[in-house]
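You will see chain A twice below: alongside chain B first, and alongside chain C after that.
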Partner chain A sequence: MSVLVFSLIHMVRGDPVRLALGTRYSQETYDALRERSGLDLPLVQQYLTWAGRAVTGDLGVSFRSGDTVTSLIGERLPATLTLALAALVVALVIALPLGMLSALHPRSLIDRVATVVSQIGISVPDFWLSIMLILLFAGVLGWLPSGGYVPLTEDPLGWLQRLVLPAIAVGVVSGSVITRFVRSSMLEALGQDHVRTAQAKGVPTRQVLTWHVLRNALLPLVTVTGVQLAYLLSGVVVVEIVFSWPGLGQLAYQAVRDRDFPVLQGSVLLFALVFLVINLLVDLLYSRIDPRIARR
Partner chain B sequence: MTAPLLEVEDLRVDLRTPRGTAHVVNGLSYTVGPGETVAVVGESGSGKSVSVLALLGLLPERTATVTGRALLQGEDLLTMAPERLRRVRGPGVGMVFQDPMTSLNPVLTVGRQLTEGLRAHGPVSKAAARARAVELLGEVGLPDPGRAVDRYPHELSGGMRQRVVIAMALANSPALLVADEATTALDVTVQAQIIDLVERLQAEQGTGVIWITHDLGVVAGIADRVLVMYGGRCVEDGTVDDVLERPVHPYTRGLLGALPDLATADDADLATIPGTPPAPTDLPAGCVFWPRCPVRGDARCETEQPPLAVVGAGGGELPHRAATWCAEGEAS
Partner chain C sequence: MRTNRLLPLAAAAALLLSACGGGESVDTGGGGGGGDDVLIAAVSAEPDQFDPHVTNAYASFQVLENVYDTLVVPSAEDLTMQPSLAESWTTSPDGLSWTFTLRDGVPFHDGSEFDSADVVYSFNRIIDEELTNAYRFATVSDVTAPDPRTVVVTLTEPTPNLLAQIGSFKGMAIVSENAAEEFDLQSEANGTGPFRLESSDANATVLTAFDEHWGGAPSIDGVEFRYITEPTAALTALRNGEIQWTDNVPPQNVADLEGDDEVELGSVTSVEYFYMSMNYAVPPFDNRDVRRAIATAVDREEVTQAARFGAAQPNQTAIPQGSPWYLDYAPFTPDQEAARQLLEQAGVQTPITMGLMVTDESPETVAAAQVIASQLEPIGIDVEIQEEDLATWLDRQSEGEFDAFMLSWIGNIDPADFYENQHLSTGGSNYQGYSNPQVDDLLSRAATEPDQAARKALYDQAAQLVVDDVSYLYLYNPDEVQAWAPGLTGYQVRADAAIDFQNVELP
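Presenting the complex of A and B:
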């Protein structure tokens, strides 16, 4: 994994040292900086040095700013986490009611509308949606700021105002995907024999839906929500740039532009780690939901 | 005769399918008295299960059309308001389903599924419901009910699960118990245990029982009356003695292996009825059994539907009836 990250990044054309120095520099400065950054060493050796430090939590120093990569990531992580979680909330708020209603009334008007809407939601590129949202809510209506970020602790209202649009832009796509899954897994759960058994016991409908339908539909849902959360965390890059949201996506983007290898490697590695952690969490959650997995 | 517990009149169920309307139950009428056991026998696809699911409104609303009347203690189940019907499910009619592997919720404990039924019909404390659940599990012969109550269905064997399903149906001491192939999955000793339990309930509480099965051995053992279904119709009914000892309808006789085997007289193997039941989307115009009937002793068999008429010397309170044109001439 880390080998892949490393080699892919180093295949990018462009010399980070040259970019860092600007247009006027002497050959000596160039060589000195190259040597200090370790870029004059063979690639394999560069990798081993980097990987060796990475396992101890030292991801190196930015070519550009001279800050440690861990501190740069640490600064940006809360913003991205906030945005991803807010987007997940948006996604679930859309997906759960819409998917459930569709499953309870298949082929009804609401089901058809939900299908069309979620199809559109899946197809729309998030950057385009971001721009449209900015045009409408920040431009025409002027209700919300077009971007930026203020910490929650300084200005809660401003924080919320700036969070809404990017969260919607990111959340709509995931919400559409999850809607589909809610519908299909609910339909599957509804058709199971034990639902009929529960009805035959005279259990009230609401209870049948919660404990016998939803409870069983949850399993596939947790999986897809986990995948979507991982996507949200890493997939916010474009939206962060559009909304000038100071998150990891923006950091990674700047790192690519500046050929700031350590920062780029660090962020990509972090994204990979996030995927792993989320998958692990999903697996752990599984055993909480499904006793057939837990007690084996 | 006391007022019947359940009175089904001209029950018809149509299901919409991609291949057209399936006439699954076609004019079924029968009664079940308190403490009485009516066995419904027939092949798979004869409409046995659907006819009882229809009573409790458990068929998919979008595709099923149910007509007729089904009076449970005088109240029509088929026109009942949903909330009233919910209250009947359980204490009014308890239902045991066929497949123990799928009729339990895999993510809830056995105890949770039992107490849920108890608590849906009145204020019962958690502790009391749990105690009752343990008691019920013991009654259906589950070993170590105190521990079984906290288990998940996948931790139990098929036979144990079936007993849990039975316990759930008995939980609210139903006036009518519907058992759809309830003991088919169980071995003979457990089967006998369950039958004993049901008979005790009948004696103690006057529970009426509809026992759907294709096990004629069980029928002979427990039933007061037998109803033979074929192609969604009742083709023969009467007391267990009449139907099992003196079957009239060619189908019943085929089912009992009582038909003389004309084609291969020396073949002593198990008697079978050749062919398959008619597709409910495409029922024959005349007698439903005509396409497979070895007798066909009347010109009307192919074109005209035989009515369910009293046959033999029976009569009285429990008449022996059969829907066939061939009753007089062929009855042995």
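Presenting the complex of A and C:
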């Protein structure tokens, strides 16, 4: 996979040296910088050097800042984790009640409201939503700061205040996606024979819902939540930019624009790793939720 | 039931963990940390690094302007070079040797004293290591220090604009001798400027006042640069009092902000210029009449309105009004009939198609291109707007893969900066392929002409030819617009867009 990452990135048009120097420079300066960045070496050799170091955890040095890629990623990781998890909480707080209610009362008023709300949540551009949140809560009402990030350890209140708006902006979209899954998987579980049997046996509704319906509905829900989390962890570029949130999305985006190959390779590798780990966790969760999977 | 609780619990635990994990960050003064009198300034991008001799990023220079000094510095009024670390200078009669007398009693941030060895080290570092601005020393053969207060620069040919070459911006900063060995200049600084570089991370760059500064201590305790890319967020933060200064003011907001009591606005016509250029290697754009037809069809007032909402000065040459080098020359009057006749005269069969390459890095070129497309359509030129990211744009430009392109040049002060590199046959940025022996001759004579009036006359002649031949189709000089909290004083918007917070006082 690292070969794929490496070659894809190098196939993209654009010369990092030219970008770093701008429009006016001497040929000697160009050659010198190219040599310092190691870009004068054959591509295969560049890859082997990079891969050899990457195995030991050394992801190289950014062309632009001279910082190590691991320190750049390490610096932004807390902000990304914070936002991803907070957004996931927002998403689940929206999705679980809304999805369950509409599954329990299909075609009712609440179901229709939920459908419309989740449709809006999916279609609203996150860019627009973010700006509206800033204009309303930071501008008109003046309740919250317009953006930025402070570590929790330094200023817990400031941390929370700055987290709320971006978490909502990201969470609304994810929540809307998850709502639909909650609704459809609940509906499917509700229609199954064992649920009817349980109801016929006179099992209390509450118990039917938690034991017989929710547990069966959880499988697809966990899958989609896992995908959403992986997506959130790989950075949400637009929201990060609007809220000046120093996350991985911004780092990767800027690396693409700068053709900062080491940073880009490091980020993509990390994102791939995140997806792998989360998929693994989801699979492990499956067997907890449904013991039949573990036995197979 | 247990499985139900698993997810939210895990999420909450991880949230807490991640929040506590951010130990590396330094004080960014989220809720007002640092000194009491800290100016919080919002810039639109994060500096890439702080080595003044290496970086090429405007975001870095916004910070470095306040940290380092140069031998001479452009005045805020008309950008003529004034003494800074050099108190005075003389030129030998043959113009081949410049002697600088250095200021006495100037301390570096680490306490060491500034002298001629620092200048020699800084200049030689740029030259010997072929760093970003090495081209500015093209005519320099030697830099020596006969005594601690004197630096002699020896040249291979007279270089009347030497002061502009070594003082235009902080890319030519004086660092302390052996700074590159003693400091990690990419993240640390040891300058002589009014502020020290305290720290920088993904949140903010923090400067603290350097009270021993040779020009006197700054009136504020420090500056915190925050990176706010989205202008709406920056302006909201300014109105809220979260920040006190920003240059992230898009032209479309200027009219609104002018009547806003919560925001003070400063604006000056900048030395930046926007232009379009056509590829001389691609017919029919090799034909002078075709280029002149296009220059005649373009209505610069309209372009300026659309791209800048009027916050710019239309200009048919490069240098803005207000500069001592300004040339009042505007031969083209928008006239579509005349443009059509020129095309006919050139024997061109219309309609023709012209790819116009623009970049999202400079959104106003996209808007300007749309207006130009609508102005050229009636004369039979179909403009196909090609929007690229800057990396691809630069690639295509240097490989000559374009019919025409648009962009701007920033930070030029001396006329040589405006014309040589772009319009000399051998100019490094002459991507359009312009070649006029007369222009070459005028520009090379001007480059060594010591008399300022005679030099200006030569540049004026060259500029007229460049405009007449449409090597560049000049469009406008944008206004540099910045906004700050009402009551903030001691700050001046500069035509070269340098950000100098030395004399700022907070409300």
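By definition in this document, the second predicted complex is superposed on the first by the 278 of 296 C-alpha atoms of A that agree within 3 Å, B and C clash if a C-alpha of one lies under 4 Å from a C-alpha of the other, contacts with A are read in each partner's own complex, and residues count from 1 in each chain.
The working rule: a residue touches a chain if its C-beta (ideal position, glycine included) is under 8 Å from a C-beta of that chain, and two chains touch if they have at least 3 such contacts.
Everything numeric here is computed off the predicted structure, so don't read it as measured data.
Once chain A is used to superpose the two complexes, chain B occupies space next to chain C without a clash.
Using the contact criterion defined above for the overlaid structures, shared-chain residue A:I131 touches chain C, although it does not reach chain B. Looking at the superposed arrangement, the partner reaching more residues of chain A, out of chain B and chain C, is C.
After overlaying the two complexes on the shared chain, residue contacts for A:Y149 are found with chain C alone; chain B is out of touch.
The three-chain arrangement built by superposing both structures on chain A places chain B and chain C 160° apart around the Cα centre of chain A, to the nearest 10. Looking at the shared chain after the overlay, A:G202 reaches chain B, while chain C stays out of its contact range. Using the contact criterion defined above for the overlaid structures, shared-chain residue A:R215 touches chain B and also reaches chain C. By the document's definition of touching, of the two partners only chain C reaches A:G158; chain B does not.
Look at A:I289: by the touch rule set out above, it reaches both chain B and chain C. The overlay of the two complexes leaves chain B and chain C separated by a minimum Cα distance of 11 Å. Chain A uses residues 215, 289 to touch chain B in one structure and chain C in the other. Of all residues in chain C, those touching chain A in their complex are 1, 3-4, 6-8, 11-12, 14-15, 17-25, 27-28, 30-31, 33, 46, 48-49, 51, 56-57, 129-132, 134-135, 138, 186-187, 201-203, 226-230, 232-233, 236-237, 239-240, 242, 361, 389-392, 394-395, 398, 409, 421, 428-429.
Contact residues on chain A toward chain C in their complex (touch as defined above): 12-16, 18-26, 28-29, 31-33, 64-67, 74-79, 81-82, 85-86, 88-89, 92, 130-131, 134-135, 138-139, 142, 145-155, 157-159, 162, 210, 214-215, 218, 222, 225, 241-244, 246, 251, 254, 257-259, 285, 288-289. Chain B meets chain A in the complex at residues 53, 56, 58, 82, 86-91, 94-95, 97, 99, 102-109, 113, 116-117, 120-121, 152, 154-155, 165, 168-169, 171-172. Residues 192-194, 196-205, 207, 211-212, 215-216, 289-292, 295 of chain A are the ones that touch chain B when the two sit in their complex.
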